[in-house]
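Read through the structure below, which is laid out as C-alpha cells, and then see the notes.
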Amino acid sequence: MSFRAVSDPQNLVNSDSGVRITVRKLTKWFNREPLYQDFNLEIEKSKVSCIFGPNGCGKSTLLNAIAGLVPIDSGQILFDGKTLHETRIGYVFQNYRDALYPWLKAIDNIKYPLKVARYSRIQQRLRVEELVGLFDTKIDLNRYPYELSGGQQQLVSIMRALAIQPAVLFLDEPFSALDYEATLSIRDKLQDVFQTSNLTTVMISHDLEEAVYMADNILLMTKRPTQIAEIVKFNSTRPRKATIFADPKFIQIKSHCLEVFQKEVRR
Amino acid sequence: MSFRAVSDPQNLVNSDSGVRITVRKLTKWFNREPLYQDFNLEIEKSKVSCIFGPNGCGKSTLLNAIAGLVPIDSGQILFDGKTLHETRIGYVFQNYRDALYPWLKAIDNIKYPLKVARYSRIQQRLRVEELVGLFDTKIDLNRYPYELSGGQQQLVSIMRALAIQPAVLFLDEPFSALDYEATLSIRDKLQDVFQTSNLTTVMISHDLEEAVYMADNILLMTKRPTQIAEIVKFNSTRPRKATIFADPKFIQIKSHCLEVFQKEVRR
Amino acid sequence: TNQSTSTTSSSTSTSSPSASKKEKVIASWLPIMQTTAYYVALEEGLFEKAGIEIESAKFENPNQIIDSLVSGRADFGPPGAAAGITVLAEAKAPGTFKVFGLQGGGIKSNFINDGLIVKPDSPIQSFKDLKGKKIGTLPGIQWRTITQYILRRNGLDPDRDLTVEQMAVGLHVTSVVSGAVDATLSLEPVGSIALSTGQAKRAMTNPVAMFISDPFYSGAAVLTAKFLKERPAVAKKVIQVIDEATKMANQNFDKYRPILAKYTAIKPDQVNYVTQPRLRSFSDLDRADINSYQALIDVFQKEGILGRSMKAQNLILEKAQLA
Amino acid sequence: MVNPLLLPTPQATLTTLLNSLFSGDLWRDFSLTLYRSLYAFGIATVLGIPIGIVLGANEHLYRSCEFLIDFFRSTPATAVFPLFLVIFGIGDFSKIAVAAFAGWLIIFFNVAYGVMNARKTRIVAAKVMGASSWRIFLDVIFFETLPQTFIGLRTAVSLTLVVIIVAEMFIGSTHGMGQRIIDAQQTFDLTQMYASIIATGVMGYALNQMFLLIENKFIHWKGK
Amino acid sequence: MVNPLLLPTPQATLTTLLNSLFSGDLWRDFSLTLYRSLYAFGIATVLGIPIGIVLGANEHLYRSCEFLIDFFRSTPATAVFPLFLVIFGIGDFSKIAVAAFAGWLIIFFNVAYGVMNARKTRIVAAKVMGASSWRIFLDVIFFETLPQTFIGLRTAVSLTLVVIIVAEMFIGSTHGMGQRIIDAQQTFDLTQMYASIIATGVMGYALNQMFLLIENKFIHWKGK
C-alpha cells in the first residue's frame, strides 16, 4: 500500500530531497550541571538513525531540543536550509499517554495533525482509513484515549505521528508498550514507509537488536555530559526480514555496539 | 546483601508462608462489552507469575482488580485467608510517571511507603541506603521526579515498590523504559529477592524472553473476552544466568509460548 | 472625611474608675445630623454622670438598628433612628418599641430636613417640572413611597410621567452633577454639601414637610419595651440624658458643630455649612409633633405598605410609664 | 428561643414564598434579576475566557497586568460604582456593567490560572504538529483549561448574581430581588425577606446546576 | 472632558492619598480593615481546606450538600446579615463572621472541586501502599489539590476584603476603609473616595502577592 495515496492539499509533501539535521555546538545545562556541552551531530537525510544510550543521558532531551520543544542554552539546529516551522515533524513521545488529547476520541487524535495541515474532511477520513488499513489495527478508534490500554495508546500515537506524512520522524521508545506481535508488525510497516519515502527518522530504543534492525546509523551515546561515543553504520538492504538476526554481519555489529555501550556505561 | 537487614517495626514481615491469590469468577465489563467473564485464576504463592498477552487484553486491569484499584462487576479475589488490607503490596504501575509524587523528591517517594508503614526516620534512611546499594544507582535521588528521565522515573518506582518488603509484588511492564544494562541488572537483583524471600510476584511483560527468564509460571492470555489460554511452567533453578537463553529447555518453552500466543492473537 | 481621632470614641466609654457600679446600656445609632443630641451626650459625659456605661454600635442602615433592637442585642436607638421603619416594625411586632423623641425639619420653624436637589442652572423649580425627567431618591420602600406620594400630589404619575431612580445617599450629588438624574429628593446633609461644592442647589427646601406635614420628622429616638420593663430606672435616666442633651444642642447648636465631624461623614470644613435639624426631646413632644408623625403613618397606610391603621399616640412613650 | 419575628419558621417562610409565587409579583422581580445577572454573566464570559487564555499563555504579559487584576479583585464593585455611574449613567446598564466587571475578573483569573497550571506536554505536542498559536489556544489550551474554566464560571455566575442583588439593594433599582429584599427588610417583613432570599438562592442553585450538567456532559476526561 | 469633581485626576488622588498617609488617620482605618479581613480569612481557611478535602473526596456527600453550597454562594452575605446579627451580636465579630462565611464558601468550593478533578493515579498508588484515608488526604490529595487551593485562597482573600469593605460601607462600622469610602462618597469628596479605594486595592494586591510568593516557592510541580 502506498504511503502517499492522499494528495497533500498544501503541497508540503515530504520533500523529495529529504531533510538533513545538523546540531552545532549544542549546550544545555540542567540544575547547574551540563547535559550537553558543545555537542555536534549530523543526522543523515532520508536515513534511519537509532539512538542507543544509558538512561538519563539526554536522548529525549536531544529530540526535544531539535524539535524546538525545550529551550537550549546555546548552539544551533539546522534543517537543511529550511526552518523548523517549514519542516513537518512526526513525533511519538516517550510519555505518549500525556501527549494524546483526552477530549478527542482516538480517531480524532489521529486526525488532529491533518486538521492542522488543513486537509479536507474527506481527505482526513481517507487518510485515517489508509492508516488503519496499514496498521491493521483492531482498536476501537471511537474510544477516548483514557479508555485504551497503554499499548493501544502508544499505537494511536504512532498513527498520529505518521498521519501527515512527515519529513522528519522522531520516535522515542515507540514500541515500549506494544505487544510482541504488534512490535514486529509495526517495525515492518515502518520499514515500508522508510523505503517508499525520503523520511528522515530518529528513533530511540533500549533494545539493541531492534535498534540495529531498524537503523542505517546507530548513534551510541555516552553518559553525562553526553557525547557521541560512535556512529555505527549498518547498510543491509531493506526490507529486512527476521532472518537477519542470524546474519553474521548483524551479529557482529550488534556485539560491537554492545561493547562500546558497556565500555561507556561502566566508565 | 540480605533483603531484610532492616527489622520491620510492625512485624508485618513478608509472611513466611507466602501469599496465594485466587481470582474467582471475575467479571468486568467496559462500555457494554465484557473484558472478563467468569474468569478464574490461581496465582501460586511465593512464585513468579509472568503474564504475556496481546495489547488491551486486560493485563493491567487484572492487576488493578486484584489490588482493589478498579471496581469489579462480580467475582471474588482471595488472599490466602487474609484481606487485601492485611497484605503488603508493592506495585510498579504501567504509567509509572503518573504514580510518583511530584511534590516529593525521588528519595522521599521511595521513603513514602515506609512512612506509611510507620518506620522510624532512621529505619527509613537505612532502608533507602540499602536499596540504593542494591540497585547500585547513580540517579541523584534529591531531584524531583519531573526532573528525571523516563527510565530514571521507572527505576525510582521499582525502588519504591520494593521498599517495604512486600508480600505481593505487581510489576506492570517494569523494564519498559530502562536501558539495556539496567534491565539486565535489575532482573538479576529481582531474582535475588525472589530467592531470599517468599514474595509472590506477578509481572506483565511484552518481552517473551524476559518473561520466561523471570517466571516460574507463564500465564498466556487470550484476546477479549479474556481467558487464560495456558499456564506454562518453567522450573529451572535460580539464580538463572544469561547462559540460560541458549538452554534447549528454555528455547523450547519460549517457542511453545509464542506458538500459543500467536494462535490466540490470530484467532 | 475626618473620623474621630480622640480615644473617647463612639464604641465604648470605660474610662470611669467606678465602672463596676455603672449600668451598661447598648445603643445602635446612625451617623447622621439627627443624632446630634446623642453626640452631645457622649461628648459632655452626660451618660457617665448619670452612672450609665454606653456600649454603642454604629450602623449605616436604619434596618440594622431596628433588627438589633428587636433581637434584644441593643436597648435603645438614640435620636435619628428611622421613624418610618419603626412604625413598620411596630406593626409587625406590636408592643416592641416606644418613641421618646422626634427629629426632622419644618418650613414654619425654619429647620431643614430635606430638599429637591438640582444643578445650579437647572430650570426645575418644583416637582411639577419633573415630567419626563428622572428623579433620584433614597433606596428602599420608605422613601420610594414618600416620593411617589409627593409626585402624585403634584399631579404626576410616578410610573408613567417620569422615572424614579432609587440610589444610595452617596450617589445623590454625583448623579446630579454628572447629569445621570435631573433632580434628587435628598435628606440633609446632602443639600448642604451640594451647596458647599457649588455644583448643585436646592430647588425646594423641605418639600416633604410641604406635602405631608409641617413639621416633618424622619428620625425618632426609640427604646425597647423590654428595656423599659426590665430596667425602668435606667431607661428613665437614658431619656433624661437625651432630653438634656437635646436641649443643649438646640440652644447652642453652633458650639457643637465641630463634633459632627467626629461622629458623621461630614468633614471639619463642612460643619459650618450643614443646617441645624429640628430636634424634639421627650419633654418637648406636643400634639403637633404627634400629628406630624401620624401624617407619615397615614401616608404609609394610604400607599399600602402598612397593612393597618396605627395610632402615633400609642407609639409614643407615656409620661406615666416613666414613673 | 429566637424571636420568631427575626427568624421566621421555615413553614411561614415557604408559605410566604408560595403565596408570592402565585400572587405574581415575585416572578417579575425574579425574572428581572435573572435577566440582569445573565446579561452581566454573558458579558463576563465572552470577555473573560479569551482574554484569560491569552494572558495566561503569556505569563509575562499577565505579570505586568497583575497589579490591576489583583487590585480590582480586591475592591468592592459597589465602591467603584460612582465611576460606572459617570460612564454608563444611572440606568440598569450601569449595574449590569458593575456585575459584569466583577464576574469578568473571576472568570479571567480562573482561566488565566488554569492556563498557567496546565500540563505542558499536550501543548508541546500541538506545537510539534505545526499548530499555530491560535490553533493551540483553540484546540488545546481551551480544553486543557476547561475544568478550571468551569470552576471560574460557576464562581462567577454566583458572584454576578450577588453583585446584582447587592446593587439592587444598596445602590437602588426599580424592581428585582434585591429591591424586594431591602423593601421587606424596611417594612420589617422578615418572612418575606427570607422568602425572597430563598428564591434568590434557588436561582443561584439552578444556574449552578445548569453548569454542572454541561460540565458533566462535556468534560468527560477529568482526573484522567 | 469629565467634570474633575466626578473623576479626579490621578495626581489629585495620589496627593490626597499621600496626605492621608501622613496625616495619620488612614493608617488606623487601613490596619483595622486589614485586621478584620485577615481574621475572617483565617477562619475561612482553617475551616475551608479540611472540609473541602473531605467533601471533595466523598462526591456523594458533596452532592447532598450541593444545594446549600450553591445556595449560599449565590446569596449576598450582606442580605443574610440580620441572621448573623442575631447569632453574633452587634459587635465587630458579626461582620467578620459574614466575611469569613463568604470566604469559606469560596475556599471550600475550590478545594472540593480540586479534589474531584484530581488525577486518580496518585491516590490509587497511595491506596495500594496501604495508606489510610486519613494519610491519603494529608499526603496526596492535599498536595494534588494545592494549585487549585491556592486559586481558592487568592479568590477568597480578595473576597473577604471585599465583604469587609461592603459591610463597613453598608452595614456600618467604627472606622475602617469601607467607612472611609462611604463617608467620602456621602460628603461628595470623590478624591478622598478614590484615594481610599486605591489604598484598599493596594492592600488586596499585597495580600495576593504574598500568596503568589508562597505559591511559587512551594508549588514547584505545577504543569508537570
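Some points to look at:
Order as written gives the chain letters A, B, C, D and E; numbering starts at 1 within each chain.
The definition used in the following text is that a residue touches a chain if its C-beta (ideal position, glycine included) is under 8 Å from a C-beta of that chain, and two chains touch if they have at least 3 such contacts.
The chain list, named the UniProt way, goes like this: A, B = Sulfonate ABC transporter ATP-binding lipoprotein; D, E = ABC transporter permease.
Since the model is a prediction, treat every value here as computed from it, not as a measurement.
Think of each touching pair as a link: the shortest run of links from subunit A to subunit E (ABC transporter permease) has 2 of them. Shared contact partners of subunit B and subunit D (ABC transporter permease) are A, E. Chain pair with the most C-beta contact pairs: D-E.
Centre-to-centre spacing of subunit A and subunit B amounts to 29 Å, using the average Cα coordinate of each chain.
The distance from the centre of subunit A to the centre of subunit C, each centre being the mean of the chain's C-alpha atoms, comes to 82 Å.
Put simply, the C-alpha centre of subunit A and that of subunit D (ABC transporter permease) have 48 angstrom between them. As a whole-number value, the distance joining the C-alpha centres of subunit B and subunit C reads 81 Å.
Taken residue by residue, subunit D (ABC transporter permease) touches two or more other chains at 2-3, 6, 82, 86, 119, 169-170, 185, 190, 224, whereas all remaining positions touch fewer. The set of subunit B residues that touch two or more partner chains comprises 95, 98. Of all residues in subunit C, those touching 2 or more other chains are 63, 67, 71, 168, 170-171, 174, 178, listed in ascending order.
Every pair of chains in contact is given here: A-B, A-D, B-E, C-D, C-E, D-E.
Residues 119, 121-122, 124-131, 135, 139-140, 143, 146, 219-221, 224 of subunit E (ABC transporter permease) touch subunit B in their complex.
Those residues of subunit B whose C-beta lies close enough to touch subunit E (ABC transporter permease) in the complex are 64, 67-69, 85, 88-89, 91, 93, 95, 98-103, 112-113, 116-117, 144, 146, 164.
Of all residues in subunit E (ABC transporter permease), those touching subunit C in their complex are 3, 5-6, 24-25, 28-29, 81-82, 85-86, 89-91, 169-175, 179-180, 182-190, 192. Considering their complex, residues 30-31, 52-56, 58-60, 94-95, 97-98, 139, 143, 147-152, 155, 173, 176-183, 206-208, 258, 261-262, 265 of subunit B touch subunit A. Within the complex formed with subunit D (ABC transporter permease), the subunit E (ABC transporter permease) residues making contact are 2, 6-7, 66-67, 70-80, 82-83, 86, 106, 109-110, 113, 116-120, 147-148, 151, 154-155, 157-158, 161-162, 165-166, 169-170, 178, 181, 185, 190, 193, 197, 200-205, 207-209, 212, 222-224.
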